[in-house]
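Next up, some structures in structure tokens.
Next, two complexes with chain A in common: one pairs it with chain B, the other with chain C.
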Partner chain A sequence: MKRFFSVVIMLAVLTVSSLTLVASASAEDVKMVGTISEIKIADDGKSATAILKDTKSGESVTIVVTDDLTLDKFKDKRIVEGDEIRCKFEKQDGKNSSKIFKKTAGC
Partner chain B sequence: MKKRVLKLATVMLVGGMALPAISRASDDELEKKIDKLVKEVEELKRSVKKVEDKSIGKWLTIGGDYRFRYDYLRGQTRPFTDAAATFANAQNKLQQGYFNAIATGADPTPWAQGISGMTAFSQQMAGVKTYSQAKTFLAANQQMLAGLGNYAVQVPAYKPENSSLYTNRFGIDLHAKATENITVTARLVMYKVFGSQDSAAIDATGNAPYFADRVGVFDGTLGHVPSNSYLDVDRAYATWSNIADQPIWFSVGRRPSTNGAPSNLKLNNERPGNGGTPSLLVDYAFDGMTLGYAPDIEALPGAYAKICYGRGFDSGFRDTPANSIADTDMLGIAVIPVDTDPLRVWLQWNRGFNIFDFPTMSNTYFGNTMPKANLGDIDWYGAGAMSTLKHVGPGNLNMFADFGLSVTHPNDNVSSQAGFQGLMTGAFLNPEAPTSKTGWAVAAGLRYDLPSKTKLGFEYNHGSKNWITFAPAADDMWTSKVGTRGNVYEGYVIQELNLKPVSSYLSKAFFRVGYQYYDFEYTGSNNWVGAPVKMSDVNGQMMLLAPLKKAHDVYATFEVKF
Partner chain C sequence: MLFSRCVAAFLGVVLMVANSHAKEHSGKEYIQKNGYQGPKTCVVCHPGVAKEFLETVHWKHASKVDHVDHLDAGKEYGMKNRIYTMCNGNDIVNNLKEVPPNAAGKTKFTGCNTCHPGDHVSDVGSRGPEAEQAIDCLICHSAKYDFSKRKAVKGKDGKVVMTQDRSVTAALNIGQPKTKNCMVCHESAGGGALIKRGFSMTREADVHAAKGMVCVDCHTVKKHRFPTGRDPNNWAHDGMYMTCVGECHSNKPHKDADYNRHTNVIACQTCHIPRTGGAFAKNFTKWERQSSGFYEPSTLKREVNETVPVYAWYNLTVSNTPHFIGPKGSRSDGKSKIYPFKVFQGKAYFNKLDGQLLSMDFAPPMATGDTLAGVTSAAKTLGIKAYDPVPGWQTIYFGSNHQVAPKNKALTCANCHAINGVLNFKELGYSAKEVEKLTTPDLYFDKLLKIQQENE
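What follows is the complex of A and B.
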């Protein structure tokens, strides 16, 4: 019985450890609300960087946007500097890749 | 010589020894100067930030629009008996007969009896509230009704025309960031007919009006139907966003419940975003509130849902000796599962509670009107979608399709000021037992945007016999086309001017030329009082509104958005 419990605990510890390892190895999703202070569209028009000033911390965060729907909004000036954005981005390899980038909801 | 050399050496030595001291002194001075400069720069930065933070551009956005519009309006009516004119005619003729009798020395008694009978009839009629009371009243006044027939004002079919209706519309938009997460938005609008300070040119000008939503201007249409040169508050609402750090918002005030999707295509406006309601179901300037939620779901970009509430009429104090009418309210739930350029889908349910018979209006063909009866409730259901497809041929293609359903729930009340008609039931002085009526409507259209900034659009609407919507503020001159019981075809061309925007990123100027053709299959479009009558069956019946069979509107605008 003791042996069984030891095995179970070992397995549990291993599972948690491996999950932790996986989690730390995988990308981290971050949500934030911030005001756009700068938008730069790449020359090829296929990506853009937007600098958001976090409304909570005041820190500036650079987000890389690659989805066409948001890029179209940058190009058409439907999203411009000064707009408040609700953003979800993936932090990986020192780069913040946008997953959701939309104006703060409300009306 | 020796002395000279010694002197020079001494000077050099002393100078050499003093040099580091001099250099150190100048370094200190420089350091002090740099420190001072750094402090000054920091101070300057703080001042600039202070000025920036307080600058009006940081928290206030100002925009607006101007529109000049020309309309050529032409229609065709069916023969009918004008109810309001008949009552007025009876009163005038009886008074005339009485005074003629006195003047000629004849016996005025029959005329006096007629006048008093007519007065009593009108007073008793105003006291009728329910269907059963109306039946009893009519049975007791058969003689008077037969007599009224002698004064009937029959209006043969005619073709109304206004060859040049010019209107001016000017709007100012304000958006203020008051605090973190709280904004206030306002829109002030002036909308008037050239050479006029009222809406007479829009209704039938001294004749029975054609449509209930164009009898006059009222709270729900102010700023959307031409009235006068006053700058009215079309929108004014405060919004609290990011509630509890979640994508939840609450907004209250005079709502952006007009010009919703997909009417933005024809109007050449931006998409209404989280605001607005489907234009097929609601186009009404409501005072109300919204609670919304826009979850962050990657698979459903732009998804949101909201509960909306609006007050259509406040009846004032209740339980008083004179007031028995209830408030008219609207409750709605909107679910937009996806909102992107290629696809926007909307699902909507609304319920109108205690629907009034007439809104409060001044100086109309019927005089000053006000709600005098609550006729019941109406449910609306809607589902629609719109899409923008890029690079379809040389340009972009916008499309939409929308479906609406209306279900009435009449109570036992009838409108005495509408001749005992109920909620989509009965005819003038011919009441009908309350029964639920279900109507439906479809709208479909497309707009093709060319790189030359030319936009070509076509729209089609159809409404069934019992279709009723809540869209009197729609931007149509004859009547709100989405409420038509029949078919409406509209084609238009927009030409934007290729000019660099100055006042805002989205400022633009454009011309729009269009044509609307209405083919009414039933009477009473946009009117929930009374039962629809097939247009081909209209032949002299007593009615409050002139039955228009067909209508044309050729229009042209010059619009500037800034």
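What follows is the complex of A and C.
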């Protein structure tokens, strides 16, 4: 009986560990260059979504932005719709969280 | 004049009262009542300030330079007229203009002087009352500047004008420049965000930013003149220099006397700025087509904190040859310290006839990718008649002077005094015997062991 319970507990631990590993493995960093078609700042000003049209695939990708610097650039229009952006985001649980969000243009 | 003085006196009283209640820029009521009309409004309280600004590097993009080889002491140099391979153009050959249509028939405005704080009609180095009124004071001084209002447009007369946000909202939110006011221009130099020098002034990247400090806390401005550090590639200056040593840090800044002994020969940046980023190589002879249909010079770049510096002796004078711009100095000159630099290498066209680096007007290659058309256009603008363009590389040492790492990420004894340490003592001029002494753990073993034991 004791042995049976040990095996069950071990299996449970293994299952939980595997699920955790799968979850962390599903977080993926993606790099892209795209043009902003829409920026929406949340009412509380603490986050925003930007839709980027991938310059390679033409697909539209929604990026969630939470860093203060980029949010400020949205607010004072240093970054606006139509700007081309070099972006790195983490893809996890169906959400694309921005890690780098920079205009490609410069002088 | 009398009226202006009366208004100024009145606003001065208002300022004192306002300061006693809140830290707010005075003149709010005046602006609310009269609106904002550019520098004309600013000089009501700050007489002479517009004229004063026209004499600064921010307006002239140039100054006399006396610390760089092979320059004419009587001339002014800077972004206005320099040619080097991070930019390969300047305000003259790349004056703000409309690019010819690309294959898709699209055009756009581009130019090195896009960041000049005027309206382009009054351009780099212009003078007189019209220039004074063209200054975009708010782009540096307003916390609520709407940057979408600053853009190049072509007037009916065909002249390109840079518009400004002169709204009352922007004018009511003035004060000392915030970091973002500076970074609007200073982070986009060299062809994109954080490309040229590759440092970030965010809380995450820089200890001073983490403390809430802004650029002008260190670059303490006097009469719109900015003290700068001594980046070998930053030539123009307002006649004032700055170092870490001053109000905030002494020349014996560490609790540890061993570290303090280093300050005579090691610049603060060497240990405290262990990484930068941005472009490390660029090829102006090969432009890449972008999704927009325009072309850009091909560039190899890294994120901030990904580039390891090189270290060299620097006596604050600069070697300037067609293929090299970088620090001069040696271990024995009694003036040099070891500084960190970001090494950049740029490929562009040199004139086979005299060996000098040629400049490039970006408009033609931006539209079609034809780089030699850009060289031809620039040569025409500069009046160069005899030239034979051949590709070649130029190496530039950029000073690593920003993005100060947190204390726990600064270099310590073992980072340098090791066989595989970050300093190449042999190249820095030390003999084999000295290198042996400088790379033994005897120098720091007991000290680091004690720290390790305390932390375990």
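General observations
The rule is short, and it goes like this: the second predicted complex is superposed on the first by the 80 of 107 C-alpha atoms of A that agree within 3 Å, B and C clash if a C-alpha of one lies under 4 Å from a C-alpha of the other, contacts with A are read in each partner's own complex, and residues count from 1 in each chain.
Convention: a residue touches a chain if its C-beta (ideal position, glycine included) is under 8 Å from a C-beta of that chain, and two chains touch if they have at least 3 such contacts.
Please read these numbers as outputs of a predicted model, since none were measured by experiment.
With both complexes brought onto chain A, simultaneous placement of chain B and chain C is prevented by a clash. When the two structures are aligned on the shared chain, A:102 is found in touch with chain B and with chain C.
Of the two partner chains placed by the overlay, chain B and chain C both lie in contact with A:69. Contact with both chain B and chain C is seen for A:33 once the two complexes are overlaid on the shared chain. Contacts of chain A with chain B, set against its contacts with chain C after fitting on chain A, overlap at residues 33, 55, 69, 72, 77-78, 80, 84, 86, 100, 102-107. Considering their complex, residues 31, 33, 55, 69, 72, 77-78, 80, 84, 86, 88, 99-100, 102-107 of chain A touch chain B.
Listed in rising order, the residues of chain B touching chain A in the complex are 180, 183, 185, 239-242, 245, 247-249, 251, 256, 270, 273-276, 290, 292-294, 296, 298, 301-302, 304, 340-342, 390, 505-506.
In the complex of the two chains, the chain A residues touching chain C come out as 33, 35, 55-56, 69, 72-73, 76-78, 80, 84, 86, 100, 102-107.
In the complex of the two chains, the chain C residues touching chain A come out as 110-112, 114-115, 144-148, 180, 184, 188-195, 202, 290-292, 303.
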